[in-house]
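Data block below; observations after.
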Amino acid sequence: MTDRELLALMETISNWGRWGKDDQRGTLNLLTLEMRARAAKLVCSGESVSMALPLATAPAPDNPTPAFHLMIHTGYDLPAQGLQASSDYLAIPTHGRAITHLDALCHMFWRGMMYNGYPSTEVKHNGAARCGIDTSFEGIIGRGVMLDVPKSKGVEWLEKGEKIFPADLDAAEKHHGVRVGEGDILAVRTGRHRYARTRGNWNPWVEGQAGLEAACLPWLRERGVALLIGDAVSDVTPSGYNEISVPIHAGAIVMMGLPLVDNADLEALSECCARLRRYEFMFMTAPLVIPRATASPINPIAIF
Amino acid sequence: MTDRELLALMETISNWGRWGKDDQRGTLNLLTLEMRARAAKLVCSGESVSMALPLATAPAPDNPTPAFHLMIHTGYDLPAQGLQASSDYLAIPTHGRAITHLDALCHMFWRGMMYNGYPSTEVKHNGAARCGIDTSFEGIIGRGVMLDVPKSKGVEWLEKGEKIFPADLDAAEKHHGVRVGEGDILAVRTGRHRYARTRGNWNPWVEGQAGLEAACLPWLRERGVALLIGDAVSDVTPSGYNEISVPIHAGAIVMMGLPLVDNADLEALSECCARLRRYEFMFMTAPLVIPRATASPINPIAIF
Amino acid sequence: MTDRELLALMETISNWGRWGKDDQRGTLNLLTLEMRARAAKLVCSGESVSMALPLATAPAPDNPTPAFHLMIHTGYDLPAQGLQASSDYLAIPTHGRAITHLDALCHMFWRGMMYNGYPSTEVKHNGAARCGIDTSFEGIIGRGVMLDVPKSKGVEWLEKGEKIFPADLDAAEKHHGVRVGEGDILAVRTGRHRYARTRGNWNPWVEGQAGLEAACLPWLRERGVALLIGDAVSDVTPSGYNEISVPIHAGAIVMMGLPLVDNADLEALSECCARLRRYEFMFMTAPLVIPRATASPINPIAIF
Amino acid sequence: MTDRELLALMETISNWGRWGKDDQRGTLNLLTLEMRARAAKLVCSGESVSMALPLATAPAPDNPTPAFHLMIHTGYDLPAQGLQASSDYLAIPTHGRAITHLDALCHMFWRGMMYNGYPSTEVKHNGAARCGIDTSFEGIIGRGVMLDVPKSKGVEWLEKGEKIFPADLDAAEKHHGVRVGEGDILAVRTGRHRYARTRGNWNPWVEGQAGLEAACLPWLRERGVALLIGDAVSDVTPSGYNEISVPIHAGAIVMMGLPLVDNADLEALSECCARLRRYEFMFMTAPLVIPRATASPINPIAIF
């Protein structure tokens, strides 16, 4: 695709106005109460798997602004008598590059507008008047599906900068025996963290990172994906486009109203799905109820 | 009870060693995979209810150390052209008095020891080597039960400092037609937030706050409660005891290994349970995976 | 002194009404423009010495609520091309125990009143309507004098909880060949930080900290001290008084209208004064212009 | 100038290596101890003037990320008895657009390098290993000179986007009867705040803001300015250059090692200089000692 073709594609995937001019929930509208209830029926053994990276408080090439975990009271400085309490303080850059987080729809602006045409100026000093993370305060619960792209390709991980095309998603579906449908929560694995744990981590903005090519945007819209989860940022980097450096972020969040989970850890989920030969599960996450915020750190859970 | 009787009671409720000398999960051991799977079967309509307070960033009598929500990039400072991204920073005192959070078992020490006899010195400047919040990284999922004490008493809320005794819990069970059993997640409502929203909030450590009397400890142990949720701090304040100012915190966390959720918002849940005439539900929460932390802010969810 | 004698002393040192019933500057009125100009004439070599502790962002026994320094953009996350900018965010508990700060006169209340009889209710949720830190927005510039009590006693530091009496101040004056007079800025050193750097730091509210005994209050008033600087909190802890736990804070700030600088680092100044055999200097500090605040972090400077 | 000419100019003004390959202080090296001492002799009446904006905690077009001032304890919620203390919490985006702050030399990178050729990667998650704000911990004290450009042009303020050229600086010198020389601290007034207070404030990155044209860079270097203070960001916006959008920031901070004070309030200083017919003064400021930070909020003071 050329830059010009990408710009044209942006218009074709728009969900602006689809759920009314006041809508702030985007594709989460596709995930109905009935679907939630059906997702609960997927639970068999009760086994659960976390998709969250441990909150990264140490510096690394892929973590230039880590979180802080400050101990306030410890057992070391409190007297060893009577009743005592330890405590701590936590500081989190919500979009941190090694932090598993849910992007709110107010996170991205294209030409001065966010999802549904709200002006970017609705996000002010005191937070987002529209499309903040608190619009999902009741949690995101539904049927989760994982497409384990390296697994379906017979490799351990995708290479840095490797592009995932719609045909790769189709092939993974076929390999796993699963089909992504309306209202589904879709996790796409690139193997980033297996790579990092084997060979050391790296700055994906400098060295590149596997992810979805912009051509996957119509696929995501046709299937009716409600929430997209990546083990990196869903976007391949570099994307090769100049005007829209991260077309998945732009197309999903701004045009489709499709929220993203960035920096999930899909390694344990990959092992579990392979072991159980099952790529669907009950999915649950609930962002912190931070009024008017652009994101929340989360710990998404798959239940089998 | 006298102080002396309370100290004697502490020994009788101990779960130290019950799940092995290396155990760090306490009563969460009571919540088996099978129970998780059974809890999923409670889902009917798919309706979900959050039990989290909005993250409180303004100081108030009940919130002396608020959280911070710092906007980093807004629609006001970014040009209204091309692709742009808003972002923010979040700082949270994990045990903040108006913050819905899950206490880890490393949060309380009694006479220099935490749950299972681990020395308090295992909680150092770099966090908790034992019983940190990350022991629950796979989420807490099970059958939730709410005991709405004011509802069962026919009042809007309990008064400041009002004590809840085992007989009140029994009466609430009878009123609701539900029985708390092994591995259950129990939420006990006092109506704190309805009171605060009606009459203004207050400092519960100065003016008092309704909660469980220490006599409820054996009840909690006998029933096999896996997780205890309060809309304040579960403990009544003032407790009336000198040596152990917060006996529920001490007895539950240190002696029983029973983690607590503090400062939940149970008002919407109360309305939902009353409307549906149903006091059990699927419960899900997943703490942030903060290595070695003493607590995590959470957004616990009930699914009906 | 007994508690009763201390209460009586409080009345005798009052400056309420001395500079009019609308005054909000207290003893800073003693520091005239002419004195400022004369202080500038003390400058000889131009050497300057900071009296500020580095802003402490790590928790420690003497620093239970540290400041935050949050990096927003770093050289690691920005591409190494074109023009780029690093940035950060700073969060400061203004009265933090390891933070060098200037207390405003609205910081302390005695029996519901602050300096000059203003009711404490003038300090609300939106800050101090009276006696806020911004009353000193033009800076505090004058003659600084240091009394290095351990130096004059021939010791490295005062012991934890050691009391400084008026006779000790007189002896230090004699030892240094300097005399504290009207409008002077007085720094009193206990050696706290030399002690901490040698033996490790500690919680001064648990283990005690050297400082001025309440008997120094009349001395401070007679001499006409305009600003008092301590390397801890000026008050000795424990003070030994029940009704007024920190009598220097109460007597200076509330009764005399004498602002305090807490947690200065006087070690470099001590070395410089000893080397130059000179205990007077031009002093300069300027609080951040924070409307209606109770304090400001500062970096006070001595110029020789 | 064309973009290409600007790039060429950058090389000609470099001070890299001028004070040794380990230097981190840049043009502050020009301000010797002797100059400090001479500056003190400029003090006559002792009158002082603050150049700081009140810390802006309210949203405005020129203040998209304001500071926070959170009251923690107030006279309103504390009992009106005995001794009580108010307190607050302060959070500051150090480079905030309406915050008077001192930029450290680590603030800007050009082609992956900061001043003196240090790699930008020296500014990490834990702050700046080189050229942090704490390199100025002993304060910046010297001879201040103000060039009041609107005054010398006989207007109230410069228009939005109006460019200041070297000839304008020369003309202002002539008008005021002052000459900027080596080691001087130079404040250049555009009248931004008088404009804003008269006509309302605006977003200078959208509507433009008066400031120095890039052609002033050689002038600043020839004169040996040690510190440059602007009532906006010193740079005119828009600058008209594509590759280097803010050439004064790039040229001064990166190439010359000349630190900048942004967003000073020069209105009171303008009135004072005009009244006294005197455009030189003793200047003092001291950044907070924030280890490894990229900036500090300050309250710079002129003493006459």
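When the chains are written out, they are named A, B, C and D in that same order, and each has its own residue count from 1.
The rule we apply is simple: a contact is a pair of C-beta atoms (placed from the backbone, for glycine too) under 8 Å apart; a residue touches a chain by one contact, two chains touch by 3 or more.
Bear in mind the structure is a predicted one, so any value in this text is a computation, not a measurement.
The set of chains touching subunit A and also touching subunit B is given as C, D. When the contact pairs of C-D are matched by residue number against B-D, B-C or A-B, over half are shared only with A-B.
The rotation relating subunit B to subunit D, fitted on Cα atoms, comes to 175°, given as a multiple of 5. Distance from the centre of subunit A peaks at C, each centre being the average of the chain's Cα atoms.
Where subunit B touches subunit C, over half of the residue numbers in use are shared by the two copies, so each contributes mostly the same positions. Once the centre of each chain is set as its mean CA position, subunit A and subunit C turn out to be 50 Å apart. Inter-chain spacing, taken between the CA centroids of subunit A and subunit D, is 41 Å. The residues of subunit D that reach two or more other chains are 59, 64-65, 68, 71-72, 89, 91, 93, 124-126, listed in rising order. Taken pairwise by the contact criterion, the protein chains are fully connected, each one touching every other.
Looking at the complex, you find that subunit C touches subunit A at residues 58-59, 61, 64-66, 68, 70-74, 76-77, 79, 203.
Listing the residues of subunit C that touch subunit B in their complex gives 58-59, 65, 68, 70, 72, 89, 91, 125. Of all residues in subunit A, only 32-38, 40-41, 43-50, 52-55, 57, 68-69, 71-72, 74-76, 78, 80-95, 100, 106-112, 114, 119-128, 134, 137-139, 141, 243-246, 249-250, 282, 284-295, 297-301, 303 touch subunit B in the complex they form. Those residues of subunit A lying in contact with subunit D across their complex are 59, 63-66, 124-126.
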